[in-house]
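Two complexes come next, and they have one chain in common, subunit A, joined by subunit B in the first and subunit C in the second.
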Partner chain A sequence: MSDPILSVRDLRVRFGTKRGVAEVVNGISYDLHAGETLSIVGESGSGKSVSVLALMRLLAEPPAAIAGSVLLHGRDLLKASHRDMRSVRGKDLAMIFQDPMTSLNPVRTVGYQLSESMSLHLGLTADSARRRAIELLDMVGIPSPDVRIDEYPHQLSGGMRQRVMIAMGLSCDPDVLIADEPTTALDVTTQAQITDLVAELQQRIGMAVIWITHDLGVVAGIADRVIVMYGGRFMEEAGVNDLYAAPNHPYTDGLLGSLPMPGADRPEKLVTIPGLPPDPVAMPPGCPFAPRCVHSDASRCHIEVPVFEPDRARHLVACHYPLQVTA
Partner chain B sequence: MTVAPSTPMERLPEKPVSRSREIWQTLIANRLAVAGLVVLALLVLMAVLAEVIAPFGINDIDIPNRLTGPSMSHWFGTDDLGRDVLSRVIIASRVSLQVGFIAVGFALAFGVPIGLVAGYYRGKTDSILMRLMDILFSFPAILLAIAILAVLGPGIRNAMVAIGLVYTPIFARITRGSVIVVSEEVYIRAARSLGARDGRIIFRHILPNVLAPIIVQTTLSLAFAILSEAALSFLGLGVQPPNPAWGRMLAEGRNFFQQAPWMGIFPGVAILVTVMSFNFVGDGLRDALDPKQKSVIESRGQSV
Partner chain C sequence: MSQFLTKRILQMLVALLGVSIVVFALIHLVPGDPVRVALGTRFDQDLYDMLRERSGLDRPFIEQYFAWLGNALTGDLGLSFRNSQPVTSLVLERLPATITLAFAALFVAIVVALPAGIISAVRSGKPLDYAVSAASQVGISMPDFWAGVMYILLFALTLRWLPSSGYVSFLESPIEWLRHLVLPAITIGLISGSVITRFVRSAVLEALNQDYVRTARAKGLSEWRIIRRHVLPNAWIPIVTVVGLQLGFLMGGLVVVEVIFAWPGLGRLALTAVKDRDFTLLQGAVLYIAFMFLTINLIVDLIYVRLDPRVRVS
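Here is the complex of A and B:
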């Protein structure tokens, strides 16, 4: 396999808070290859958004403290200067945010915001940036882009704004597009359009995508690989089909069990996972999921943190008692 | 499942409604604001054409006709040296408006950047800058202006600097407060995620979003700056004789209030009209720019 574009090793993020140190991301590692879609799934507060904001160095430090390494084409971003980081953002690593209603500047036109990163990174003149902005709007499926380019965000619908955000993300041909729950704030029809759009553009442009979501249903359609995150740690990592067919971690199993399955004759009662996610200021010493896990035992799960067994290369699980032992 | 990128689900293109037009319409729907605007326009016109309009020279002394009341030849009467009060009021409008605009421009030029930097960077930068502003702010405005003039010496130019300095912390505070709110917005993070540098984010993304309160404060401060100039001139620290200023004329008129009330009344009315006009326009602008925020009077009325 070729060298990964992005290689994250033992990434840790802590926040100093009034109540103490919040350990939000606790040593996560993954590789991202060209053209691949990696999905990081987890519930609110699992640290998924913070982990990508940390690798883009978009968290204010302090209060955040980031450790580990993030290698982009072999260069460690966590050691890069602010100046270098600015040239990476938007150019090599681009990001789309959750709520398209708030991620566009209300007082600037669509065209201004689209052209901005192109003039910053590609040194395009106003004219050629505008021409390319119209092309991009057309590419993300916005009708009459030559009119829309001079409009303000409030004149666009949510779906269109997210398309504009995607166009902004793609404007400098990034190697990696990070999508932080880009469909969460949209209605279901628009969600499907946006995920399809990203999948289609990815095939055309060949970038890698990190897709952060809490919705396993969205993941199924687009991801190659899925990482399940909980309490700042990775619980399970597998190809999308393997994960759905045979979840090995009790948490993944619980998440899949809580999904409504359309088409079933009589809908079964949805399974819920009892309890609440762990408090990042007072993380349990062992497996973060142990307090909510029906399979946990006091001798191991509550004391020892389970880690990925590296030899089971294609389907990794961080659990002392995985559900299936078919690797 | 493949959905075509453009679908009828998306909203059809709507007619663009310009925000500035919307603001203008709200503003002109407010009668007091319109009245204020008209009066201000006349005042500015008067100041610009002062020398043409004024029927007499400002220092045309006419001792035989001293302290005469309003008449056909001297509409506002004459002062203790027989100078035409109307002409002096007209010429003095120039000084008042000039001091107001330059002093507020000075306060804007320093206060807004200080507020932007303090609100954007927070932390130590914020503490140092804002504590300096607090020190300036802790003195009563007129007292601080007098202290500054005591150091710099009296005169119109120093009065502008003093008033500007006194109003700087107001702009710094108002700007900082809005910047803190706007800095937390996702679109600022999004701009950063595109590789924009701090200066660009501050001036191109944050500043346009915090302009509304700054504009309102500017109009209201113009009123107070003119009032401050009048007060300083009244105390003899602003415009020096024989040049007229409304504050000075008020001070001179005080000595003859029994025999010649017109000497003080007309410059006083000029101050009142100007300050009120700025206030009305400022209130109207605030309502137009920020419909959510009620006027101070309205919210006070509710809380009591």
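Here is the complex of A and C:
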């Protein structure tokens, strides 16, 4: 396999807070290859957003302290200067966010916000940036883009705004598009449209995508590979079909159990995992999921942090007692 | 837009009408008969009756008001009760000095408040922020008359850099005009500036914490560009409102400062009119001050519409 575009090694993020040190990301490692779509899934509060904001270096340091390495084409972003980081953001790594209602500047036109990174990174003149902005709006499925370009965000629906955000993310042909729960704030129909749009653009343009979601249900349509995150750690990593067919981690199993099955007519029977995610200021010493896990035992799970065993290269699980499901 | 403007101008006229009623009522209801005060110790009943009749004071209050209003609508604010000069010309004579001082003070306030507030927000929680906060606290707590007297003591009497009082017209000598303007403008400007600084800081801080700033950072824009192109255009909206309100406050401060610095403005004119029970002059002066205030509000609203596309469309 070719060298990965992005290689994250032992990434750790802590925050100094009034209550103490919050250990939010606790040593995660992954590779992202060209054209691949990787989905990071986990409940709210598991550190997904912080982990990607950290690699974009978009967290204020302090209170954040970031350790590990983030190699983009072999260069460590965590050691890059602020100036170098600015030339990476929006150009090599683009990011779109959860809430399209607040992610766009209310007093700037769509065209202004769309053209900005193109004039910055591609050196386009105002005219050519505008022309390309109209093309991009067309590409993300916005009707009459030559009119919409001069509108303000409040004149667009949530779905349209997220399309604008996507157009903005793609404007400089990034190697990696990071989408942090881009559909969470949208209604179900729009969610599907946005997911399809990104999947289709990904096919056409060939950038790699990191798709973050708390909903394992939306992953199937878009991801090649899935990482399940919990308490700032990776619990399981597998190809999307493997993961659905044979979840090895009790947490993944729990997440899948809380999904409505296609055709299920009794949604009230959904199993949800009892308990709450761990408090990052008081991380349990062993497996972060142990306090909620029905399979955990006092001798190992609550003491020793399980890690990925490198032997099963395509399907990794961080659990002392993985489920013996055979696909 | 023109509909908006029509609506606002109508509102303004209604407000002016309200002001005129209140002022008229206050003047006529407060104790102190203007004619009696004017006559002073040389009281004479016949003269008193004649003067009351001539100035219309013997007629019922409502009738007096409508007579005055009718004339005011044609631009005639009557004659000064004290020295029989037309009120309009007395007021207009003083207007340039007041407007000059108001704008100079506002200029000082803005020149101080914008950079201080922005830096304070950008460096929030750092020593510079604390220094700015402390300085603006001092500015806010300073009474205007005290500050004015202190500046006179320091810059005029001790250091002898600037004149302590008076006014020179710009046409006569631009340099002297400026030298006379500095201390009164700074007296009001620094106090207003301190208040505005706080609002600028919180408006910028508020905008800095918005999601769209994170979006802008994710594009790779430099911090300074983000502040100029994304943060400030949003922060202007609350800032302009506060500056408009401050102008009202600032005009209140004008009376005190005009007196301290012997500045021949409307505020001092109004104060003299109060002392002399020159009710016609006072009515005229207050009406002009209200008119200026409302005009400023109108301008602020128009700027507001320019700044916020959400208001513009709806």
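Definition applied: the second predicted complex is superposed on the first by the 319 of 327 C-alpha atoms of A that agree within 3 Å, B and C clash if a C-alpha of one lies under 4 Å from a C-alpha of the other, contacts with A are read in each partner's own complex, and residues count from 1 in each chain.
Definition applied: a contact is a pair of C-beta atoms (placed from the backbone, for glycine too) under 8 Å apart; a residue touches a chain by one contact, two chains touch by 3 or more.
For clarity, every value in this text was computed on a predicted model and none was experimentally measured.
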Partners on subunit A (subunit B, subunit C) - clash or fit: clash
Contacts of A:202 with subunit B and subunit C, given as first, second, both or neither: neither
Subunit B versus subunit C as contact partner of A:56, first or second or both or neither: both
Comparison of subunit B and subunit C by subunit A residues contacted: B
First (subunit B), second (subunit C), both or neither touched by A:148: first
Subunit B versus subunit C as contact partner of A:296, first or second or both or neither: neither
First (subunit B), second (subunit C), both or neither touched by A:94: both
Overlapping segment of subunit C (options 20-28, 38-46, 56-64 or 218-226) - the one that collides with subunit B in the superposed model: 218-226
Residues of subunit A contacting subunit B in one complex and subunit C in the other: 56, 58, 86-91, 94-95, 97, 99, 102-108, 116-117, 120-121, 152, 155, 165, 168
Touching residues on subunit A, where the partner in the complex is subunit B: 56, 58, 86-91, 94-95, 97-99, 102-108, 116-117, 120-121, 140-144, 147-148, 150-152, 155-157, 159-160, 163, 165, 168, 189-190, 192-193, 196-197, 200, 221
Residues of subunit A touching subunit C in the complex: 56, 58, 85-91, 94-95, 97, 99, 102-108, 113, 116-117, 120-121, 152, 154-155, 165, 168
Residues on subunit C engaged by subunit A in the complex (per definition of touch): 210-212, 214-222, 229-230, 233-234, 237, 307-310, 313
Sites on subunit B touched by subunit A in the complex: 1-7, 9-11, 13-14, 16, 19, 185-197, 204-205, 208-209
